[in-house]
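Labels for the chains are A, B, C and D, by order of writing; each one numbers its residues from 1.
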Amino acid sequence: MQKTSLSVKIGQLRLENPIMVASGTFGYAKEFKGLTNLKKLGAIITKTITIKPRTGNLQQRLVETSSGIINSIGLQNDGIDCFLKDKLPFLKTLGVPIIVSIAGNNLEDYVKLAEIINDVEEISAVELNLSCPNIKEKQTLISQDESLTYDCVFGVRNVYKKTLIAKLTPNVTDVTQIAIAAQDAGADSVSLINTFLAMGVNIETQKPLLGNITGGLSGPAIKPIALRMVWQVSQKIKIPVIGVGGIMNYSDALEFIIAGAQAIQVGTANFVNPNITGEIIDEIKNYLRNKKINDINNLVGSLKI
Amino acid sequence: MQKTSLSVKIGQLRLENPIMVASGTFGYAKEFKGLTNLKKLGAIITKTITIKPRTGNLQQRLVETSSGIINSIGLQNDGIDCFLKDKLPFLKTLGVPIIVSIAGNNLEDYVKLAEIINDVEEISAVELNLSCPNIKEKQTLISQDESLTYDCVFGVRNVYKKTLIAKLTPNVTDVTQIAIAAQDAGADSVSLINTFLAMGVNIETQKPLLGNITGGLSGPAIKPIALRMVWQVSQKIKIPVIGVGGIMNYSDALEFIIAGAQAIQVGTANFVNPNITGEIIDEIKNYLRNKKINDINNLVGSLKI
Amino acid sequence: MHSHNIINKKIKIIDNTRVCNNYYKLILDSSVIAKLAQPGQFLHIKINSSFDPLLRRPLSIHRILGGKIEILYELVGRGTKILSESSSGDILDVIGPLGKGFNYQSPQPKADPPQAEITNDKANPNNQLPILIAGGIGVAPLVFLAQKMKQTPIVLIGAKTKNEVLCMKEFKNLGCDVRIATDDGTLGFKGRVTDLLKEFLPANRIYACGPDAMLKSLQKIAAVNNLNCQVSLDEGMGCGIGACLACVINTTKGQKRICHDGPVFDIKELIWEG
Amino acid sequence: MHSHNIINKKIKIIDNTRVCNNYYKLILDSSVIAKLAQPGQFLHIKINSSFDPLLRRPLSIHRILGGKIEILYELVGRGTKILSESSSGDILDVIGPLGKGFNYQSPQPKADPPQAEITNDKANPNNQLPILIAGGIGVAPLVFLAQKMKQTPIVLIGAKTKNEVLCMKEFKNLGCDVRIATDDGTLGFKGRVTDLLKEFLPANRIYACGPDAMLKSLQKIAAVNNLNCQVSLDEGMGCGIGACLACVINTTKGQKRICHDGPVFDIKELIWEG
């Protein structure tokens, strides 16, 4: 029997398989120890790290909706120093590519973080979380604006030598333009999508359900929109697209790959089934065997129109 | 006992209650005869009408997703003349305000339709479906662009004397700017939201699930995003906002009203429960009584931050 | 027949059991709907109260026994899986009877417009029995049709294999002449049920339900042999009551809604896409 | 106690029946989890395979009998409604045991860091029995705790009314001195269970579970009387395993995850928002 290859490349990074875990939904991997085979993952993306520790948003931080959840965790993390000291040692034992998600209050923060990470051998790539408000215009997220996106990616690209992924918000009119800006500024890949801005109201108290009023919608509810964005963007850019948004099983994952994603990330589904990534990897392998496709790269973007 | 008033005003139009049915999800009302009390509705919005008949999109036109559906019906309708001749006679027997949704290939179509409708006494208001591609830039929908929105509303406003509602797409970076453009051009109200552009893939055939490749996502999946948009917009404009998107029950309807919607539209839920509008009206009345609110207008935008 | 009396009701399950393989029979308790129902009409059923799956599922009326409505269904996906796990005593939210059923009472075209008109009536209606043709789960509505017909029909049942031949007993109990075609020849004629049909030609009135491929080949046979043939179509549905235009099909008489103008159509009128 | 052995398994329901009013008891068959479980730990249960509701539901381990795990739950929303409709033989997807339970084996602070440390130990541990305080469904984890304790505790149960007093028999069977407080005085003390507690002060070790309002007033009582008090918190959860940071609470030792660093905390450490 011919070997079935699941291996894909994102920038300089070669992954055993295209199944990653999405930032903020897998902690620092240790939390899932014993519940899934961590060594089997294509890559691990950490919760977004900032320079200084952050306490995040007020409770209530999470609300369940129909086939989705709204979260307003708010980038709670211990800062890059603690991450390197407390979290990285476990992560690097896994032998799986570690991708660190980073965010900042301004361009300088992003650059500074990237510089620090550039010197850490065990970190294979950086994912820029560009769904953060920029300090100047509080209302706009970086990846809601082409030039802010360009500047941020460009700034980091100058100092960061390994694989650089730009993660984009779906709360835009035309995500292809933002993706092109990221590509032009030197990103090796874009990941689509982060969460949709959303809210809920308690009709008894007449108050917002979330302490932060609004939060980000994720889960199967948003999958059809995420898939459309991945399809649109993958036709417009040359760098690989990483699909994320509502992937709950191998079938969802394959939809993204066929629509053009070189790799995918599993987010909310980890909360529902902590071993879902392992199952997806196995079932994709079966699918490829049944279809007699021996390299997953032949499936990427194979949508028949 | 004090009377509980559900009556609200949209432009010059006084509604008995704020519960309408959304365009395209209620046919021309006759289809629901016997399944719900049509005379009880706050208003009926027709499927979008165009000047000439349209055959709509290819099959498959509808796909079920997690807590949602994607449709690509594609404005199938018999044209304004047939509407007035075949559908209006039944509608006008109901004694309920009739709102006609219109769309065109260009500004002239919208204006022409509005002129025709302006002369029809039994039609109380027009809802502009601004989620249509404009003829010049095929990719952009009218309500994805402030100036296209302004021009279209302004053009219609010049000829249409009754209540004018602009229905906006959620596929934008900042829906408040589009809503402001509609207000500035003379709209009496905006309805938010139309569907999200979405898609699905059949992993066995590697083909899109929809004949039209992409379609619009509706249903409870999108409610948290629709609610956020209604909340944002209602704080930025003075004209009433009509909330629509994933409203499945009275509790959802109240969330929109508390967040700032003067009225709401029920769409996809009509397919699940054809009598849902009647139930929502009754249950809102109960809620108001229990809360000792005697005028629903006191609940509109009452969100406690 | 098309009825303007449509009921939306929560109905108790009397029984829900596996018949064979992936096929199940559901029995519902509703004398109101039972009285209104016509062969070829369907029920639109909300399987549970979750929004996932969100939509109702259309299922044909399989048989009426007194005030009991029988549904024969195949487990093909999530909705029918959940349905198969329901038990007697559970409540389903049902709309029906929906759609326009078979025109079986007379071979003559009827004046009543919502009926499927049989435009070609050259074949002699008297010297031949009506023929029912079922492919797979397509037998479901035809048992009810056979129950109601004045002339006992000939029934041709197609299935993949012997174990999947459905309703032979039900038809025989009604006195029908039942013939089987299986793809693998494990029972009856080996081959397609449409090939089996050729042995019975010329025929006058044909009533069919089955997969699209079967109906398309039937359309060819009907055209060549100039047959009167009514078929019941199966298409994903949204509203099920003619409002959403999800289930539209092209016909020689323009676009028609399968849920409301059908699901039964004169096969000559159908124009399949692709 | 905190265990690194966490199991994710599909587990069969042995029984699921209403106890009274809106309260139900679920019995699950898993000797593996039963062996690992400690009082105060919980299971994270996927109620059905739908994505609506999407998330698991956290439910405390109520009692262990051999290889059987009992859960006592209140029907409060959609998830518990669906759970209440499950029957014996059905399968649930369960993760557990999760979280850090009560430190009940000794009143001394333990070195083991994942345990709830009892920092104040001035009260004399020997001349007084431990007291368990339950509000409403908060009794659930305390029965398992009473099972495991070496010293038979005094149990104070608070409920709205007589009919809603839970688990009196279970505690009495374990030999506990059980006292009741009802809001309406229909059984035992009329008033809050925290007011009833005052009759038992000074006390040494207190273990409590109940609504936030009860715990907040308990915190005041504990502060004034300098009591050692461990409480189990109830908060909406995402992952249940410490990954998502949805369930974070402020403590004197920084932000803690209720699902992983709790649900049991030393009441002195808790800093409630608002």
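Keep this in mind: a contact is a pair of C-beta atoms (placed from the backbone, for glycine too) under 8 Å apart; a residue touches a chain by one contact, two chains touch by 3 or more.
Quantities reported herein were computed from a predicted structural model and do not represent experimental measurements.
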item	value
Of B-D and A-D, pair with higher C-beta contact tally	A-D
Centroid-based (C-alpha) most distant chain relative to chain D	C
Between chain C and chain D, centroid-to-centroid distance (C-alpha), Å	55
Gap in Å, rounded to a whole number, between the CA centres of chain D and chain A	36
Where chain A and chain C are represented by their mean Cα positions, the distance between them in whole Å	48
Shared interface positions of chain C, touching two or more other chains	51-52
Per-residue multi-chain contacts in chain A, two or more chains	63, 66-68, 219-221, 248
Overall pattern in which the protein chains touch one another (line/ring/star/complete/other)	complete
Of all residues in chain A, those that touch chain B in their complex	63, 65-68, 70, 139, 144, 171-174, 196-201, 203, 205-208, 213-214, 217, 219-225, 227-228, 231, 246, 248, 251, 254-255, 258-259, 287, 302-305
Touch list for chain B against partner chain C, complex	24-27, 31-35, 47, 55-56, 58-64, 66-69, 71, 73, 76, 211, 219-221, 248, 268, 270-275
Interface residues, chain A side, partner chain C - complex	66-67, 220
Contact footprint of chain C on chain D as seen in their complex	50-52
Chain D residues within the chain A interface of the complex	4-6, 8, 46, 51-56, 93, 95, 235-249, 255, 260, 273
